[in-house]
Amino acid sequence: MKRKYSVELSNVGQYVDRYMACGYNDDYSIEQLFDRAKSVKKITGCELCGTWHITEKNVEQIRDLIGSHDLQLVSIIPDYFAQRKWGHGAFTSPDPAIRQEAIRDTKVFMDICADLGGEIVTVWNGQDGYDYPFTTNYMESRTWIRDAMKECANYRKDIKLSIEYKPREPKMRSFMSDASSTLLLVNDVNEENLGVTLDFGHSIMGIENPAEAAHILKMYGNKLFHCHVNDNYGRWDDDCIAGTIHPIETTEYLYWVKRLGYDSWFSFDQYPYREDGRDALEEGIEWIETLGAVADSLDDDEVDEVIKTQNGVGFAKLIREHMFKVY
Amino acid sequence: MKRKYSVELSNVGQYVDRYMACGYNDDYSIEQLFDRAKSVKKITGCELCGTWHITEKNVEQIRDLIGSHDLQLVSIIPDYFAQRKWGHGAFTSPDPAIRQEAIRDTKVFMDICADLGGEIVTVWNGQDGYDYPFTTNYMESRTWIRDAMKECANYRKDIKLSIEYKPREPKMRSFMSDASSTLLLVNDVNEENLGVTLDFGHSIMGIENPAEAAHILKMYGNKLFHCHVNDNYGRWDDDCIAGTIHPIETTEYLYWVKRLGYDSWFSFDQYPYREDGRDALEEGIEWIETLGAVADSLDDDEVDEVIKTQNGVGFAKLIREHMFKVY
Amino acid sequence: MKRKYSVELSNVGQYVDRYMACGYNDDYSIEQLFDRAKSVKKITGCELCGTWHITEKNVEQIRDLIGSHDLQLVSIIPDYFAQRKWGHGAFTSPDPAIRQEAIRDTKVFMDICADLGGEIVTVWNGQDGYDYPFTTNYMESRTWIRDAMKECANYRKDIKLSIEYKPREPKMRSFMSDASSTLLLVNDVNEENLGVTLDFGHSIMGIENPAEAAHILKMYGNKLFHCHVNDNYGRWDDDCIAGTIHPIETTEYLYWVKRLGYDSWFSFDQYPYREDGRDALEEGIEWIETLGAVADSLDDDEVDEVIKTQNGVGFAKLIREHMFKVY
Amino acid sequence: MKRKYSVELSNVGQYVDRYMACGYNDDYSIEQLFDRAKSVKKITGCELCGTWHITEKNVEQIRDLIGSHDLQLVSIIPDYFAQRKWGHGAFTSPDPAIRQEAIRDTKVFMDICADLGGEIVTVWNGQDGYDYPFTTNYMESRTWIRDAMKECANYRKDIKLSIEYKPREPKMRSFMSDASSTLLLVNDVNEENLGVTLDFGHSIMGIENPAEAAHILKMYGNKLFHCHVNDNYGRWDDDCIAGTIHPIETTEYLYWVKRLGYDSWFSFDQYPYREDGRDALEEGIEWIETLGAVADSLDDDEVDEVIKTQNGVGFAKLIREHMFKVY
């Protein structure tokens, strides 16, 4: 199976954290980010973050860069997280004017996305969450998100809105925290163009099994809109090189999303603080290609045979024989 | 607010684990379990497990014991976990005959429950899960559970079926693992008498915030049927004395379930391996009464004021002033 | 490199948990356990648990079984966890008579071990820990363990005592919880025949990296006495088939313990509740052989080159090229 | 008992994370930070970070500010984490020149600390760690840290060096990750003026029990040099308001460090991204004072009585009666 790969442009850029505010690497201009992404063989699409890469003012520049680099715009992720006004939430800010701005920005970027030939606006509303008990009326917050998603989804039906859930960070708890709780809201909104982005690492850090999360998104409404790949140690969004920490879960996930009919992008969302992001992206693709080849080498009947007996030994033998050079 | 307390009878019994198969305490007869439960002031209801406490054969004995101890039967939890046949799943066993048995047993205990004046049959299907990747067709398994729940819920509408989710144990991953994924299935079944049991500890070990889980269950279908109390360290179902590890989250949970209109039982599900279970139950009630009194002392307006500003300092001050003897 | 494999006999036996007290599989006699272990090609050694497999009374039977099965006795693990008297601790029981019994049993099994040609008595003191804050004087408990280890290590110097640490279970917290805290006690005792057993899964569940733990045990006193293999999901002692969850960490661990000069046994400590233990053991050996071959295929200079640049991309490329059939 | 409180100045400043690089709050000048810290009643000491607050060039300004605000300099934390050169480690950088700079800076700040009337230089070497398997020679890295600590501790004996361990962040794994592994290195160095800083939150996120960690640091070399207070949810260094997540563990910790003879500073290390840091500090002190009063109200004999029986029910009753306003 031929997989399509895109990259969120920050992957090949500079990385900061709360200690190293100056950044671990070099700074790159937006042109350089496009050059670096494009230099990676097999990258044919890109995702752009609001504020960081795309604003209402640089649309023409971005159009030129996408064109000159022959990349498809896969998704725009509006900024709901990097401006101080969002500090207490975007769609769930206590300030109704801020909530309105979040809605307005979403619509603006839906228009820009369509204008640039994109299909998906990703809603990663990382500041919509809470830090402490007794600081949130959970039902009111979820209602605010629902109403905003309803309004935006209806704004134009030719652009998909896809909520990217994540259990925590930057807030200590996110409202859109896992596949199922996000899906409950999505199904409550009930618009065809509203769905869910499954970020492999977010799923892992939320103690989900990503392959199972994909089934749930498929099963209750066919809402698996988009896939992000990366990896982590299961406790934090380390955004490691894809496949390198959970190769077997990654293989199962690649196997099942294919079998479930997902034929869209695998978009990289790595954040290799202390590596060169371009090299890490290139290597991440090699891992997904390698583990994808393992997944593709599995015969559905073989897999179903193991499933029929729920046999851990059968699983271990099957994967060992398909995965490893030496066995 | 006056809270009603019941107890799953194992709480006051013997405790085993995989090492101490002989048990940490004394063995108790079913009569002794009733005596011990009843001896705890404020206990007015009981929950019974299939096989361990109630079978098709001892219904008359149980009727007598309930009557003579003046306890209300709050729930029966059929055994889907303690007989070898369930080892590879009950409702999701690869063997269709086993799956049928799980359905049959559920109906049998619905009848018994009604006969004994109970209202709820709790479905804690702990063996319905998986240990390894590639050993499950997630969609098929969830469909089996859904179809079974549909059939059972329709069997008789005067008995509530309530699924008690838990992230793992005994299987390394459960299908009914958290509030939201369980609710998706429950809403797919769409029967009025099918809902969800929120076990505080299961929620904590699944990195949920129980107060938020209660909102989700309320918000999407009014499905918060039943509440279990206990506590743990966030990594395993330690079944500690209620309130003693997460007193503040417990207080928030008691506050919100009340505000959301829950006025039913708080059922104890502790498993104090190395304590006397009766004493631990008595002490657990004291903790819930104490933290419940803290919750009751909070004025909704005060809480809403903190929420309006999403202010962690406001939370900390509010709780400190209401909670502690010395401040 | 040729690795030596042994097995703790429970691996091929019956498995129980707190729900399935009747066991998930068949019961096996001690003779059958030996037969099943021996039937696995490459198993040349065995470990025996007190009470479960060996007692003061069946030494002659065990001698015969070891002999007739041509297995080497690798270790005896006295029972400090499966008899009710140990419920509040063995070496740290509040009852001094129980503490004395733990010491006495250790000496008895040191004698039996020597008598049967074994070299190591493993001290897995799982009940020496605590469940709640304020229930332990940590310094007194650690002193009790230290004094007991001192006395036992001095009892006879020709038998090694090796403490197997584990972060929790059965107690919610263990005193001998990780490599470093165990080593502090071991070095305080300061006897040549007292060391540490590194159980891969215990290390993983304690958020250690087992390869790093091995270095620490080596570095501060050369105390890596013994290695157990298995795997888990990082939150509990799932005792999965070795290698199947953390193949890369397992490979790093196999690589480094070899490079650090460890040339002793890899002893299986799996507990595959719902599989046939014999088959799971056979498969586990295949995984360790496979991942060991990956480790053996790494040239030290190649590894050192990656280390010299601390380069995650270099790691990912190196392992990908050595590990996978397809890349 | 009267407790002494100090504050690391960042606590009352601006907070950034990898998304909100612009900061959640206002920027404050160094003068403002001193003003804000001083405005909190009960704060009598301060800790200063290299680069952020103190450099070789602003020593006289800092001397004036300390003096004019009547604060005691409790500790200087040299910067080993916020300049790009430290990205691959400070004491463990692959580049020997960087390693020398880390040593040199430590000595410089030891001199400055002494000059300004301080007693402790805190070594929080957060970049000394690793992200991936196979990228580190663990023994070599630990040797570099040991040799550096030896050299620095010997540089002048009138200043204490105190290593602040932390399991992870910014690196995915730290070398100085927990109390015991840090202590092994400290004891290997074996200099009287080298010890350990116990940060409550770092201990909690490392699945330690801080009260137990304090015992270990006391027991093997009397190395509990300094205490930081804050709190988190057990999975990440959330740096919450002290006491608000783990009030009972905090109480046990305050109880035992007092009983173990610790009579030095409790230094606040909160990082309340979305609150006003000054208010959060004031509130954190109230929590420590409140929980400290609970700890002080416990009679040692009462505690020892619970310990003597290892009784969880006894613990629960004792704490409930001493802690809560309503019971």
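By letter and in written order, the chains are A, B, C and D; residue numbering begins at 1 in each of them.
FYI, a residue touches a chain if its C-beta (ideal position, glycine included) is under 8 Å from a C-beta of that chain, and two chains touch if they have at least 3 such contacts.
Note that the coordinates shown come from a computational prediction; the quantities given were computed from them, not determined experimentally.
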| item | value |
| --- | --- |
| Most widely separated chain from chain D, with each centre as the mean of CA atoms | B |
| Chain A-chain B separation of Cα centroids, rounded to whole Å | 34 |
| Rounded Å distance between chain A and chain C, as computed from the means of their C-alpha atoms | 40 |
| Of all residues in chain B, the ones touching two or more other chains | 88, 131-132, 207, 233, 235, 240-241, 244, 248, 274, 310-312, 315-316, 319 |
| Arrangement of touching chains [line / ring / star / complete / other] | complete |
| Complex interface listing, chain B residues touching chain C | 15-24, 81-84, 86-88, 126, 131-132, 168-170, 172, 233, 235-236, 238, 240-241, 244, 271, 273-274 |
| Footprint of chain A on chain C - complex, ascending | 207, 233-235, 240-241, 244-245, 247-248, 272, 274-276, 279-280, 283-284, 286-287, 289-291, 293-294, 297, 310-313, 315-317, 319-320, 322-327 |
| Touching residues (chain side chain C, partner chain D) in the complex | 88-89, 94, 130-139, 142, 167, 173, 178-181, 183-184, 188, 206-207, 209, 211-212, 215-216, 218-220, 248-249, 251-252, 255-256, 303-304, 306-312, 314-316, 318-319 |
